[in-house]
Amino acid sequence: MNIIVLAKLVPDLVEELTIDDQGIALDPTWMRLKLNEFDDYAIEQAILMKERSGAHVTVMVPDVDGSDDVLYTAAAKGADCLVKLCGKFDQGVNNHALARAFAAVLRSRLPDLVLTGVQAHNDLDGPLGALLAGFLDLPYIGYVSGVKNEDGKVLVRKEYPGGLIAEMEVAPPVVLGIQVAEWPLSYVAFSKIRQAMKTNPIDNLQAPDLDPSGGPQVVRMSKPEIGEHATMISGNVDEVAARLLEIFQKLGVL
Amino acid sequence: MTLAPISQRLSFNDVFYNSLQELPDGERILACLQCGTCSGVCPFGYLMDFPPSKMIAFLRAGFFERVLKTDLVWMCASCYACARACPAKIPLTVGLMTRTKEELILAGNVPTELRDALENSQRYGNPLGESPRKRAVWTTGIDPPVKIMSQERQPVDVLWFVGDYASFHPRVQLVSRAFAKVLNALGVNFGILGHEENSDGDSQRLAGERGLFEVLAEKNGRAFARYSFGQIITTDPHAYNALKNEYPALGIAYPVRHYTQFLAERLGQLKPLLLRPVKARVTYHDPCFLGRANHIYAEPRQLLNAVPGVELMEMAHHSETSLCCGGGGGGMWLDGFTWEKAHVRLSEWRVREAVTSGADILAIACPYEAPRFEDAAKMVEKANRLMVRDIIELLAEAMGL
Amino acid sequence: MNQDIFVLIEHMGGQVADISYMMLAAGQAISEAAGGRVLAVLLAHQAQGLASNLAADQILYIDHPSVADYTPDAYQHALANLIHERTPRLVLFGDTSIGAEIAGQLSARLGLPLVSYCRSVRASDGVLQFVSQVCGGKIMVEGELPAPTALVTMIPGVYKPESGHSTHPPEIVSLDLQALEKSCITLKGYIEPETSDVDISKQDLLVAVGRGIQNQENIAMAQDLANVLGGVVCSSRPVVDQGWLPSTRLVGKSGRRVKPKIYLALGISGAPEHVEAITGSQTIIAVNTDPAAPIFDVAQYGAEVDVLELLPVLTAAVQNVKV
């Protein structure tokens, strides 16, 4: 089974986000990028399937600051091929542009499965996987928490709110939006990542010109105004507990 | 008829055993008497499936894979009690425990809490997951202001390597601020790296992440190389240990002092400034990485004795036999894990000893200890009056800062 | 130009999802500001009753066995045809396991603009504007919704589901479906969560734990508190992802929406996906060592102490009072 994982890097929310002078985009100066959490699960799920039934795993990311680290970490986890999609990504692209770029590159080499994170926190113009499936005219199932390869068909577990799961069967090729992998994210020793830097080559693929149409035209970007803030209870644990006790009593709990 | 040749390939067990012997003084492991002292003196030896002596036994029997299937080696806080007690002087801490943790990490067998600390160290240069840009925020409001080397662009006499918890943890930031004031009062020309400082990496190294340690060290090395200074001082025994004993092998070698050594050298200048008495019975906890690992026992006591009003007393375990607070070797990031396995905290044992000694103040010299001992004091009977203070804080109090 | 506002109705197990009512409320509000009818799009099989209390000007009801249950391709195909024929001004989808993926596919296939994470739509001088919230709730984005047709995926927060309920049954228009010749995706079945577990959405007092609980063992402390208070333990996503609590206890976008009298958020940072599911709570009390945690913006009371220290002390205090 041939699996391609598409991953993207998103602004790291640990750093404070600032808006640029034009007021319509994020200021990239101090912005740190990190792998989208759900794409991390997608990579994990692909490696899991490789360990379970010997799939071939390719990980593809757009060329931005930090993409090499993402690729080498994936290699250290077990990915077979590493691909960097080169293009004008440094200014920030929307998912329509990214999806079209991935689609152009994948069209001639469709794998059995395309895995990608079901969403990212900066998906202003919709989820990457669903857009990609649309551009490639492939079926798409999102919010996936389990994937099994059975007799040439793919059996997928799709999550609904409240813990309900639907099992859906689909013939490859198919695009899946991964919500969570079948086991927790694994840790990779840094020495393995360093080793991967020496032994695993990264293939560079040139993306066609980026076409962001379909995404919204942003008129204004701002930080939300904080409405009311909680009434803070000060003091040590004992004092907080005492005050909470009063609140419980006032609310009729005790 | 010819017999098939016996495989000459070494088993994992043998490869591992051989690798231990290649480490400095590592060949002493061959002289292990199986006396069991290490396992007896280890604070968590009673809990481990494979305390140190049993690990060696299994290594010799060729069964080391069984050790790797367990996870109790993560209870090890790299406190050096075993290494100190071993009659054959086997470097057990680094030469066995850390190496075993390295193998567990390579296998991906890492408790989640520790994983987060390691990934944070990699991404943000500190295990707490704080933004590196905020590393010097603790200096706000100190006058004269603390010099940040990238802004200062002038040589300083002393580069103060602050450390992770001292930079970000609210309790330990108090100690950092006190030390800045003490240095100012002494007229020391010092600077800090601020956001260019990365974690010293020592606890990460002892937790089994050698690769991560090297990357952090290299980053710090590049930062040091940019600036001109006479020596490095640090308020963090783990950073001291790394800078003194581990960084030189990576080509990063500078004169380095722990703050207790630095201030003890200046006792003549310091003593006249210690005007306000601190009338208290004080007992001093020897940090593992200052004491057992680096043999610095006298200077902290000299400083405490210099504070007027202080009556210095020793706990039952002190100096070489000091009881670990549990924070080293990754222990700082395995609190949930150790609690789950042990239902007891080493820091609580130590606080109990402090109470028994009759002390009012438990004096410390390591950034891990303030939060750990203060938390423990809340849980230990009769410890609610015990105060935990870094020696710096007592000096600052005596100086009226 | 057609000003109709389509709302895709999501339903499961004979129930219309709360988010669909919320979007009908959104549709009403947009229609009041900018004109246009609100048309609820219902895909189902022999389930016309689902439409009975939808607040819409009209229900476009497609009844076909291929859409008896949700599958991505059948829904996507039906909607593509419908949108192509009718060219509505807006199509509103919920940001859910159903809505988000349909909207994405349709945007690509039909070449229609798509806006996600939308909290509200405003009208100004005949121009429709969206307000979206991205980056974990930290950034607000405003822009125009291009004509003639725009797709919008919405998140809860501004419009109230109650306004999406109608007291009188709306007009139902039945439409034919040109069925997919060959459906790629086959629904094999559902796996229900263990029903022996409590239904947290019906509880009055919830003790919720987040990443700050640090490990599975510590959840017992939360359970102790829940026991003395007569409440139930639940959690945010990281706890369930680690397997420390079953998914039936998950509060959040991918879990349950809850509306207790008291919601104790312990060691929970307050990411939007979690917050949107607790806005129905009467009183939220948050405990988190990070004073900047967004949970404090939605809580009525807050404390900056360590959850693991507070739990045993609070439990003991409550027990003393009860005795």
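We just call them A, B and C in the order they show up, numbering each chain from 1.
Everything that follows uses one rule, which is that a contact is a pair of C-beta atoms (placed from the backbone, for glycine too) under 8 Å apart; a residue touches a chain by one contact, two chains touch by 3 or more.
Every value quoted in this text rests on a predicted model; they were computed, and no experiment measured them.
Give me the ID of the chain with the smallest distance between its Cα centroid and the all-protein Cα centroid.
Answer by centroid distance: A.
Taking each chain's centre as the mean of its Cα atoms, which chain lies farthest from subunit B?
Checked the centroid distances; the maximum from subunit B is C.
Any idea whether A-C or B-C has more C-beta pairs in contact?
Answer by contact count: A-C.
At what distance in angstrom does the C-alpha mean of subunit B lie from that of subunit A?
Roughly 37 Å, centre to centre.
Between subunit A and subunit C, tell me the centre distance in angstrom, where each centre is the average of that chain's C-alpha atoms.
20
In whole angstrom, how far does the Cα centroid of subunit B sit from the Cα centroid of subunit C?
47
Could you list which residues of subunit C touch at least two other chains?
Answer for subunit C, listing residues that touch two or more other chains: 242, 309.
Do you know which subunit A residues sit against two or more other chains?
Answer for subunit A, listing residues that touch two or more other chains: 184, 237.
For subunit B, write out the residues touching at least two other chains, lowest number first.
Subunit B, residues with two or more chain partners: 112, 378.
Mind pulling up the subunit C residues that touch subunit A in the complex?
12, 69-73, 96-97, 100-109, 111-117, 129-130, 132-146, 151, 153, 184-193, 205, 229-230, 241-243, 246-248, 250, 253-257, 261-262, 283-287, 296-306, 309-310, 313-314, 317-318, 321-322
Across the complex, what residues on subunit C touch subunit B?
Within the complex, subunit C contacts subunit B at residues 214-218, 242, 309.
Which bits of subunit A are touching subunit C when the two form their complex?
11, 13, 17, 19, 26, 96, 99, 119, 121-127, 129-135, 137, 139-143, 155, 157-171, 174, 177, 179-180, 184, 213-224, 226-234, 236-238, 240-245, 247-249, 251-254
Mind pulling up the subunit B residues that touch subunit C in the complex?
So the residues of subunit B touching subunit C come out as 112-113, 335-337, 339-340, 375, 378.
Enumerate the contact residues on subunit B facing subunit A in the complex.
By the definition above, subunit B touches subunit A via 102, 105-106, 108, 110, 112, 115, 118-119, 122-124, 129-131, 133, 208-212, 215, 378.
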